[in-house]
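In the two complexes below, chain A is the common chain; its partner is chain B in one and chain C in the other.
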Partner chain A sequence: MTKQKKKICLLLAGGTWTTTKNKEVLSVSKPADIEPWLSSMSELSILADTEVNLIAGEDQEIGPVVWEKLAKFIVSKHKNCDGFIIVTKPDRLVATTVALNFLLQNLSTTIIATASQMSGAYVQEKKELVNQLLTSQSGLGLRANLINAIQVAPEPMPAPAIMFGSRLVLGTKAKQERQKGLHLFTSVDGDYLAKVDFGITLKNDLRYSSKAPEIFSKINSNILVIEDIPNLDWSWSDKINKDYQAVLIKMSSDELESAKREQIKKLDVPVILYHPYYLNHHQEAIALTSCTWEVAMIKTMWAAANFTNKKDFTNKIKSNITGEFLNV
Partner chain B sequence: MINLVSPLGWTNILLLISALLSLAMAIFVMTRGLKNKINLYFSLLTLSTFAWGLSLFFARTMIDFSQSQFWAYFAYIAATGIGVSLFYFTLNFPYKIKNLNSWQHCLVLAPALIFTTIVYIKNWFIIGMSRDIPNTNYVLEYNKPVYIAYAIYFILIILLALYFLWIKYRRADGVIKTQLGFLSLAIVIGLVVGTYFDLIICYFGNFQHAWLGPVFTLFMNAAVFYLIFFEKKH
Partner chain C sequence: MTIYFYSNEKNQTIGKEVIQYLKRSGAMVISNLLTSQSTGDLSLEEVDALIILGDELDANGSYFVAWALSQNKHILFLLSKQTSTSQTLQTLQQNKNFNDKVNIITYHPDNLQQILLDFLQKLDQDSGRDAVNIKYTLRLSPKISDFLAWKAKHDNVRKADWLRKLITETMQNDQAYQQFLNKKYKAQ
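Right, the complex of A and B next:
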């Protein structure tokens, strides 16, 4: 009797660049691209029963609209699939994973996000870079990333995670870096779910949430993001309260200048001050620390989209919703 | 009671060390979890290389003829284990390349079972053994048609294993290419040396260099050790 293959749903949303034997670049922008793209990676169908779905093409912007579409798709299919793999653009990989973390809280299905080293609609413009990667890495890395992702996708994971290179890292802990033109995804606290060395070794003591799943369909919200630089004044129009649902300020120090505090007091929308480690108490704003910048941004978007009441919004921002707060 | 020649000589000491290192590697990989097929087949492979090295060591160094003969014959069971576990390891490392059906499994396993069964049946596989105790050497006399069949089976299974690695290496990119590159090179070194010194020249009665085969499998252990502990590229 042959062992039943696991069913893995592959959701494509950019980041699909791969190369054929003839060093031709293939990517998926429309449904007709799927067949040749999948045929160039025949290993995938040996490893699992893969169902490929195009969520967004290489030419599309990957943001809240696509994240909501991905979440909706996963919710509708999660009982029929042993795991989900999302392929997206490398520079949107962390944000996409974090967004799914907030949209699909404690959903008992594994979601692994991965990407090629390169993405976009125009191959010709990046031909030189492709050739460089072909020489140094023998490819764009997607094949290896997908093979590794497919192998871990049937395993239970605590939350959406990123498989890239030789590491599997939680989206909420992931940090994107660039080295010699290559994308790298490291963990901010050095903690990884798995490493690829001689086979894939999953961490022994993975912690799973016992909370009931909570599904949200909205994350699309308008938030104003400000990077605070000390001694540089802010100026904004009076339409802020009308145009934005929240203001997120990325702090470079633990204290906000008094003039800026006065400006904040005049706003009706909630204001969040973010610093990765520590912030002094500010009456007029919500402090958000001990998480990555991507988590701060996506969490604010998610809370603004789902909680219009200021008290509920504040509670959600301050709570450790999915274990996104780091012990730093 | 184990009576060994004394002094053992550096070649036999090296043989024993290489066998023990293979055992250590097998135990280490087992502790990483045998649920993972890569770990399972690699630990079977290293256990087989341990058994092979140990049997050659005892065959060369035991004073008692029947004990030495037992181990000299056992080396062929261990070598068959190497071929079969290498085949399944390369099929699964670093990912499965092919789903074998029942008759394909039979085609791989049935000859192995037959050869291991007939090793100790007089004149079927091995006809006899002569020894040179002072030089810790021995010579086996084979039933040549059966030995040739065994050699063909062994070489075929090894070539299939190398073919799996080659196919995967050619298609691979990123981290998988690095993994395959290291391990394939180490396996090829071990196999070329092992096949030449322990299969081909033994056919012509030259067993003097048989100790080299197990020693060269250490490259394979070193490659895995490197991948686990030193290959930290993301």
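Right, the complex of A and C next:
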């Protein structure tokens, strides 16, 4: 029984909670935690040679700084690895995957993100919840998620994707849900890259981009996010133009009230109106539809960090950069 | 008992024999060799053990092995050659977390059935099969329900515990069932 093992890079940024046979919770917050954590899941070594790197601990916030660090690491190592697996906090899983989608466009390396059902620095506070999961689910899910992620990581994928539970879904299509206290990641259009039952079955007609890779190192930008509620006035400080690089407005209807349109006209920074399906034409703002809310936010951050010229910024927001627009 | 059987042998004759032996012993078999099979709502988590046939451990085989070990399931490796140079198998045998779950056996066509029966018997005796983890919905008449409520209060026990104890005692005292168990994993 011999076979060539693949080399998989495991990048840790929270979401690392797992349990030992003695029901002890292990997680990774510092480099010394890696060895016992990995030893508790020694079955992973059957599938691949894994190189584990700590990008951020359980106590750290997962946001643009970590995303830039992840992207930089992947770019520096992608020629030496057969695939990358990102482990991060479940409530940051979609945003992290989408951020890598915009930072590392059309990179031929496969990037799979996954997580444990639980994360954070304080195990004691969540002990009761852990025990509930151990009884109902026989674990925190990371072990199985990692086995499935390692199995698909050497396969070519169209873009960064999330392996969680029994599904593999593109980050740009992923939607986080909660069911009976458990995290669940579904596809907004019901389209999955793979499903897990007895083995992993990849979708037959995966589509790959023929565009050349485009690498970006920046995504950290200041965006003002507003959730618009009709008949509820906006009040904002005069410093918006100074403090923010863009304003992103989450619309609950397809039309913006005239008073609010006048407010937007006075701003120098670009304003994006987001609605998942449809928006009427508003000359004073950029309309962004047919994508998930996470895509809208991360794309705005990425465009603001990399395109200071308003025309370039507008073009990028309107373009289907990595296939993030959905047929809805 | 449900077994996942994975074979990567080019010659499928032995694999089909394995499936026949397992089915004859009353096990439910799910296998990559069975092209038309209905697994219903079953998932890998509900499989009791994994049997791997083949001297080469390919990517899919490795996946099933890793999965089975992560779920603390027993694995039977059936090798046709006496010596294996596999690094993975040697590692598995030496790893103290796994060696009680991993069984590596060289088979011959004439002892294959006995190897499988011994493995099934071992699984049957595994302490994991005493775990109370199968959900059972039972409809009762109001009279039986009244009695059960009274009995639980009178004896200060939980209804489910009392029922489990009653069934266990009945099972142990049932001569015909005990005879059936003795013959269950014997070669026919």
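As a convention for this text, the second predicted complex is superposed on the first by the 326 of 328 C-alpha atoms of A that agree within 3 Å, B and C clash if a C-alpha of one lies under 4 Å from a C-alpha of the other, contacts with A are read in each partner's own complex, and residues count from 1 in each chain.
As a working rule, a residue touches a chain if its C-beta (ideal position, glycine included) is under 8 Å from a C-beta of that chain, and two chains touch if they have at least 3 such contacts.
Model, not experiment: these values are computed from the prediction.
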- In the superposition on chain A, see if there is space for chain B and chain C together, and answer fit or clash. clash
- Name the contact category of A:K260: first (chain B only), second (chain C only), both, or neither. neither
- Item | First (chain B), second (chain C), both or neither touched by A:G165 | first
- Message: With both complexes overlaid on chain A, does A:Q151 touch chain B (first), chain C (second), both or neither?
- Response: both
- Message: According to the stated criteria, A:S45 is in contact with first (chain B), second (chain C), both, or neither; which is it?
- Response: second
- Determine, under the contact definition given at the top, whether A:G141 touches first (chain B), second (chain C), both, or neither. first
- Is A:F185 contacted by the first partner chain B, the second partner chain C, both or neither? first
- Between chain B and chain C, the one with more contact residues on chain A is chain B
- Query: Given the touch rule stated above, what does A:H78 touch, chain B (first), chain C (second), both, or neither?
  - Reply: neither
- Message: Flag for me the stretch of chain B that overlaps chain C after superposition; candidates: 6-14, 42-50, 60-68 or 132-140.
- Response: 42-50
- Determine where on chain A the residues touched by chain B overlap those touched by chain C, and list them. 2, 21, 43, 46-47, 138, 143-144, 147, 150-151, 166, 197-200
- Hey, which residues of chain C end up touching chain A in the complex? 4, 30, 32, 39, 43-45, 54-60, 62-67, 69-72, 79, 84-89, 91-92, 95, 97-98
- In the complex, chain A residues that touch chain C: 1-3, 21, 41-47, 138, 143-144, 147, 150-151, 166, 197-200
- Message: Show me the residue ranges of chain A that touch chain B in the complex, using the header's touch definition.
- Response: 2, 19, 21, 43, 46-47, 137-145, 147-148, 150-151, 164-167, 184-186, 196-201
- Query: Hey, which residues of chain B end up touching chain A in the complex?
  - Reply: 29, 32-33, 36, 38-39, 42, 93-99, 101, 171-177, 179, 224, 227-229, 231-234
